[in-house]
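Chain naming follows the written order as A, B, C, D and E, and within any one chain the residues start at number 1.
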Amino acid sequence: MSDNVTTDKYESASNREDKLAEFEVHKRGMFGNVQHWLHLTPAAVPLIVLIASILIFGALIGDRFFSPFALTLVLQQVQIVGIVAAAQSLIILTAGIDLSVGAITVFSSVIMGQLTFRYGMPPSLAILCGLIFGTLCGTLNGFLVSRIKLPPFIVTLGTWQIILASNYLYSANETIRAQEIETHAPLLQLMGTKFQLGGAIFTLGVIFMIALMIVLAWVLRHTAWGRHVYAVGDDPEAAQLSGVNVKATLLSVYALAGLICAFAGWALIGRIGSVSPTSAYEANIESITAVVIGGISLFGGRGSILGALFGALIVGVFSLGLRLLGADAQWTYFFIGVLIIAAVAVDQWIRKVSA
Amino acid sequence: MSDNVTTDKYESASNREDKLAEFEVHKRGMFGNVQHWLHLTPAAVPLIVLIASILIFGALIGDRFFSPFALTLVLQQVQIVGIVAAAQSLIILTAGIDLSVGAITVFSSVIMGQLTFRYGMPPSLAILCGLIFGTLCGTLNGFLVSRIKLPPFIVTLGTWQIILASNYLYSANETIRAQEIETHAPLLQLMGTKFQLGGAIFTLGVIFMIALMIVLAWVLRHTAWGRHVYAVGDDPEAAQLSGVNVKATLLSVYALAGLICAFAGWALIGRIGSVSPTSAYEANIESITAVVIGGISLFGGRGSILGALFGALIVGVFSLGLRLLGADAQWTYFFIGVLIIAAVAVDQWIRKVSA
Amino acid sequence: MDLFLHRRADHRRRCRGPVDQKGIGMSEPILKGRGLIKRYGRVTALDRCDFDLMPGEILAVIGDNGAGKSTLIKAISGAVTPEEGEIWMNGKKVHFTSPSDAREAGIETVYQTLAMSPALSIADNMFMGREIRKPGIMGKVFRQLDRPAMEKFARQKLSDLGLMTIQNINQAVETLSGGQRQGVAVARAAAFGSKVIILDEPTAALGVKESRRVLELIQDVKSRGIPIILISHNMPHVFEVADRIHIHRLGRRLCVINPKDYTMSDAVAFMTGAKEPPTEELAA
Amino acid sequence: MDLFLHRRADHRRRCRGPVDQKGIGMSEPILKGRGLIKRYGRVTALDRCDFDLMPGEILAVIGDNGAGKSTLIKAISGAVTPEEGEIWMNGKKVHFTSPSDAREAGIETVYQTLAMSPALSIADNMFMGREIRKPGIMGKVFRQLDRPAMEKFARQKLSDLGLMTIQNINQAVETLSGGQRQGVAVARAAAFGSKVIILDEPTAALGVKESRRVLELIQDVKSRGIPIILISHNMPHVFEVADRIHIHRLGRRLCVINPKDYTMSDAVAFMTGAKEPPTEELAA
Amino acid sequence: APASAEDISACLITKTDTNPFFVKMKEGATAKAKELGIELKSFAGKIDGDHETQVAAIETCIADGAKGILLTASDTSSIVSSVKQARDAGLLVIALDTPLNPIDAADMTFATDNFKAGELIGQWAKAKLGDEAANAKIAMLDLAVSQPTVGVLRDQGFLQGFGIDLGDPNKWGDETDPRVVGHDVTAGNEEGGRTAMENLLATDPMINVVYTINEPAAAGAYEALKAIGREGDVTIVSVDGGCPGVQNVADGVIGATSQQYPLLMASKGIEAIAAWAKDGTKPEPTEGKDFFDTGVELVTDQPVDGVPSISVKDGQDRCWG
């Protein structure tokens, strides 16, 4: 056919110059290099903010703040929020959000306590049941999100109220006292076990939080599952088409988040000594705050889970630092509000200039 | 040039049959018609749920519920959440979310009260200042969202804490008593003015809520600004390119939402009689719940603001109905949680089958 | 003159820039851009770009992916503000800061991404940003839209253009097929563009038949005396309808050629850098 | 036979369906679809569609916008599950419920939307869903990825195909230009497709030069003996590379023609319904 | 229809239904109501300070045709308008635990004097420290930044009892006495108690007196002290007298606690409503007070001179929850 021959002629013109398209190598100055590094290392900004705020409060307050005691105190104070923030990060990486984390945390701890003391179960078994329960709650969220395809915000808004109400109904608002737990089921307080290194005091719960974050960061970076979590958060349809099982990934993320919250519930018993159904009621907002300050995008697929750890620590440093400066408790809330907006504005700015 | 002549020949082939592309006319059965109507009328589903729940509770409880008194009581009980939900709807229509609505509401009411009683301002001026203050808070949110381009969730997470902390700091946690307001500044309680129609009791606040919803529904449907709000929520970039001033629209929406919240603050004084800095602390979650049950998409651009009114009423009917049935308060929260998930699942289902 | 400076600054840019400067039988350009610069982070999308559109002509803009064509027309239509450079319209300097500015000046654009709000109706989309208000108090004070008028106009325009027969002008745009959406976007531009119409790859997603309709429409608009800027990767289309071809390369105008004087192969060779453009190219 | 029934049920479908049934010198189709049906709400995207791909051939699929081409290849590649109908591969009936099923069977697809995760690296995207794990305990127990191996392979494939020289294989895909992304998607398919490669409009967004590279790549893959399905609106491209052309219309196969026997005008006329297809078309 | 005993219904509206104090109050009321054949409905705010839900609850009771309301008000002034509405509708409104502002807004108040409860532990702590009281370092663990009345009353009562100048008695945090190290908020639970204690310890590690809003917060504070090995030399005082709290006094976690009697308040309240429904009699206040005092007792095993107290043993016999 004559027309397809003539038609194509003009296209061959493009081949005369056979230089391959190349990726541009940008020359950057010092500043440019720093920006580029900040851009590539999403946890770097919160880390810098964290170090800066420690230094500033240290300079303002002096030894009372800049002591191993005070600094490890921050770790102890943020451990519950930190563990929950790990769960929240996973979910936010898939472009979801989980309002029910606090409810799962406290209900799991109540189940561990009540199974031991109301029904006389051995503590180890009760803890196992609590962990399974948390996982089931997470799985319920995951099922509604991945199968019924409801928006995560709404699903967890609903399950939050459901789980919390069940928690009060089941526990009949009974507290189990620390002394009883100490005598009859010390395993429940395991996460509160202390050990000292110089003036620094660490608890098993703190070690657990840090280890959890490091393990999750490694898993997200170095396993296929981790890459799939990012891909699902980035563009679920593209992930599906390129061979990721989106539903299974989402389900596993929510279930894992539930399990982590149950661990947070266990750590909660270690921290407060007793089992109380009124704990952790603001853990959802606090964990979201930590994640957001840690530079993880609410739109999913971007950010490092270590950022959430730094975010939680930043809030902890601010709270303690402001208290030590003698600020009223209200002022702490005020400054944390300012901090949230400032952290995200800075993050946005860095992304913009280094784009 | 010979090649462009020959090349084009094949295309002209397509013109031989000159039937125009036509929009398919679908024949639908009864059921199909209903689905189609439901699909086109986003407020219909919550309206049906509302009527159904009134009927069910009426059947279960009888006259105590099915009386003009009880039914108008629901209206009075949801008026604050309803007014705030109107503000929340506007923001959610632009694909945003506002966590600071409750804080703006209560701080505005505190300002109205404190300006009158602490500084002796005439009540009318104090109310005006309160309304202006609410608008300014909204404008601050709008500025951060539209100019600095921060995500609304984070911005309002921050301003929520900032405004609430300022509220406690400014008010010094003082309640202004109803008796004093009644004697010295009855204008502050204006929205609480009652009038009776048969057994039904209406307050000015209730009338305001209903009128506000109807006016906003009209404005959204019948003015350019309203269409722009939908366009911005749908796809901000497309809206910008097709000539909408996206920044100004966003700013105006947040400012208007702030103003509406300030009106809610005024209505709050009418409802509880006094000015208390601890009111409306959960208005953000409650208004989001109402909006979500009302079928407005959290992704923006879809849904009718009347749906939010029905959503608020559904929650009100459930709360009152369950209480009259003698259910424990925790069961009410439990069922509202179930209701949220069920409402959205049904909505999703209707959208799917009628797509 | 600044043209001279440019030529010295960049030796690869050989063909004659502002073609009207010869002044032989040519009127002033209706739209003229000079030295436009626009950067995205480290990417320079427009690099001292010049541009001329003559009255009544169809000017095609061709160039490789990422050459900056879309950015150029966004700069002209106010969707992005160039960091440097000037734009003249009918000999007067203009400064568009938003697409609505350009639209008020009579420049209508069909963007590569179409720029429609999927959930809104065809009529709403056609009038987005320039809604008609009811006459009298309802319109003036309450700012009520005149829906019947808008719908009538929209239906009229769509049938005028023969692009499609619309059953329901209140249908949401998301229920339309890709081709139908493209049609609505083009109809919107044709209906409101009083001075210039810009089309960015209007046939990229279209089938053969739909593409043909759009090409006919372009010629139709031209016959109404309105100049058109057409961006396309489709050489046969370009050579069929264009009066002049602006070849864009690496963020700037490489040269302007007359399709009657060059083959498609030449154009592609210039565009991809396989061949040097002629030193003195007179694109009349 | 069901072919006979179909012909009776629809008088407009005249050309011979499953072309291999003649059996003259033809092997079995490597991929075969029969009676595929897929509806989206009220739209019937596939309407009892048949389909055949012969070993080693390039089969082009052409058709108007919305004819159901993308849906057809999604059904073949497991991205959508047809409501009715059967698919055979190498004579064995297969049932893909997800894209990974099809990929395990050796069918690689470049979707119209590319299907990449913008924030992840080129290497991550190429191996998405089929990551290589470290040998030994780190891989087996801890399931650690073997990044160096994945990066090496990815770099190798990209340069093999001569599509581009990548500076940094760990670059996020979102930092690539449209053309480069297209290149990565095609390279991914070419690298892993052992049985069939499917390309949905691989040149739609590409410039002339990039388009040409993709066409060369297609012929390259064919020379390795792997059959290709190519969807395109670009008739010259189709007529240049295709061995057979499957013409799709209103959700089903209208007919299959040999590009040597027909002109582009004929193909377009069949496709748009301007001309009836030949009653007995033997597309060998 | 004429009211038979079965037709009498009453409402109990508490601040929250998560705090054991109110849970027990509800149990007491439920038991008494069952005994008298009264139908009881209970309502509660979501958190302490949530008075809007209480307003809605009062309205519901009116709609429900209840004969009377037992109310622990979250906001003692804000609720007055609604209470008036209920009384106008012919309901008997009894304030439990917390008097309304003004106190005669309710038909009667059955309450513990929260200020007195604080005062008792303040006096006890002062006496316990003896001369050291002049150099005490006091940590104040309060309820919430919104300063609900009950928290302010207990806090200021404690400070008064300890002999510290109150500044404005309607709010905490404006004291200038250097012995007060600081105030922090606990949300009335263990977690908040521990964090607040840690914060204040970081401010001044030499704290030796800890006031806590309730016993769960005290338990949390104790954990924080234990963590640095100071649980032995710090005096913790608290208010409530719940069984776990009294047990904590026995175990030496808490030095002394002011015990209140929610079960008594609730059952008295139900009886009053029954009487009102029967023949319209209203309950009478305690002699010399404008409310019916259900009493408060200091529970400790370390009695001090001049501060009346009961033993832990007695406290356990009378504890709730």
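Remarks
Definition applied: a contact is a pair of C-beta atoms (placed from the backbone, for glycine too) under 8 Å apart; a residue touches a chain by one contact, two chains touch by 3 or more.
The model shown is predicted, which means the values in this text are computed figures rather than measured ones.
Ranking every chain by how far its Cα centroid lies from the centroid of chain B, the top place goes to D. Relative to chain A, the chain whose mean Cα position lies farthest away is C.
More contacting C-beta pairs link the chains of A-D than the other of the two pairs A-D and B-E.
The distance from the centre of chain C to the centre of chain D, with each centre set as the mean of the Cα atoms, comes to 34 Å. For the pair chain B and chain E, the distance between mean C-alpha positions equals 38 Å.
Note: centroid distance chain B to chain D, computed from Cα atoms, is 48 Å. Inter-chain centre distance (chain D to chain E, centres taken as mean C-alpha positions): 74 Å.
Shared interface positions of chain B, defined as residues touching 2 or more other chains, are 3, 7, 9-15, 165, 168, 328, 330.
Shown for chain C are the residues in touch with two or more other chains, namely 179, 208-210, 235-236, 263-264, 268, 271-272.
Multi-chain contact residues, meaning those touching two or more other chains, occur in chain E at positions 17, 145.
Here chain D touches chain A in the complex through residues 79, 98-100, 103, 109, 111, 113-120, 124-125, 128-131, 133, 142-145, 147, 162, 164-168, 171, 179-180, 208-212, 235-236, 239-240, 259-260, 262-264, going by the rule given at the top. The touching residues of chain B, counted against chain A in their complex, run 2-3, 6-7, 9-10, 144, 148-151, 153-155, 157-166, 168-169, 285, 288-289, 292, 298-299, 328, 330-331, 333-334, 336-341, 344-345, 348.
Against chain C, the residues of chain D that register as touching in their complex are 63-67, 177-179, 204-210, 233, 235, 268, 271-272.
Touching chain B in their complex are the following residues of chain E: 17, 39, 41-44, 46-47, 49-52, 55-57, 59-60, 63-65, 74-82, 101-102, 145-148, 152, 170-171. Within the complex formed with chain A, the residues of chain E that make contact are 17-20, 23, 145, 173, 182-185, 187-191, 193-195, 198-200, 202-203, 216, 219-220, 222-223, 226-228, 244, 247-248, 251, 253, 321.
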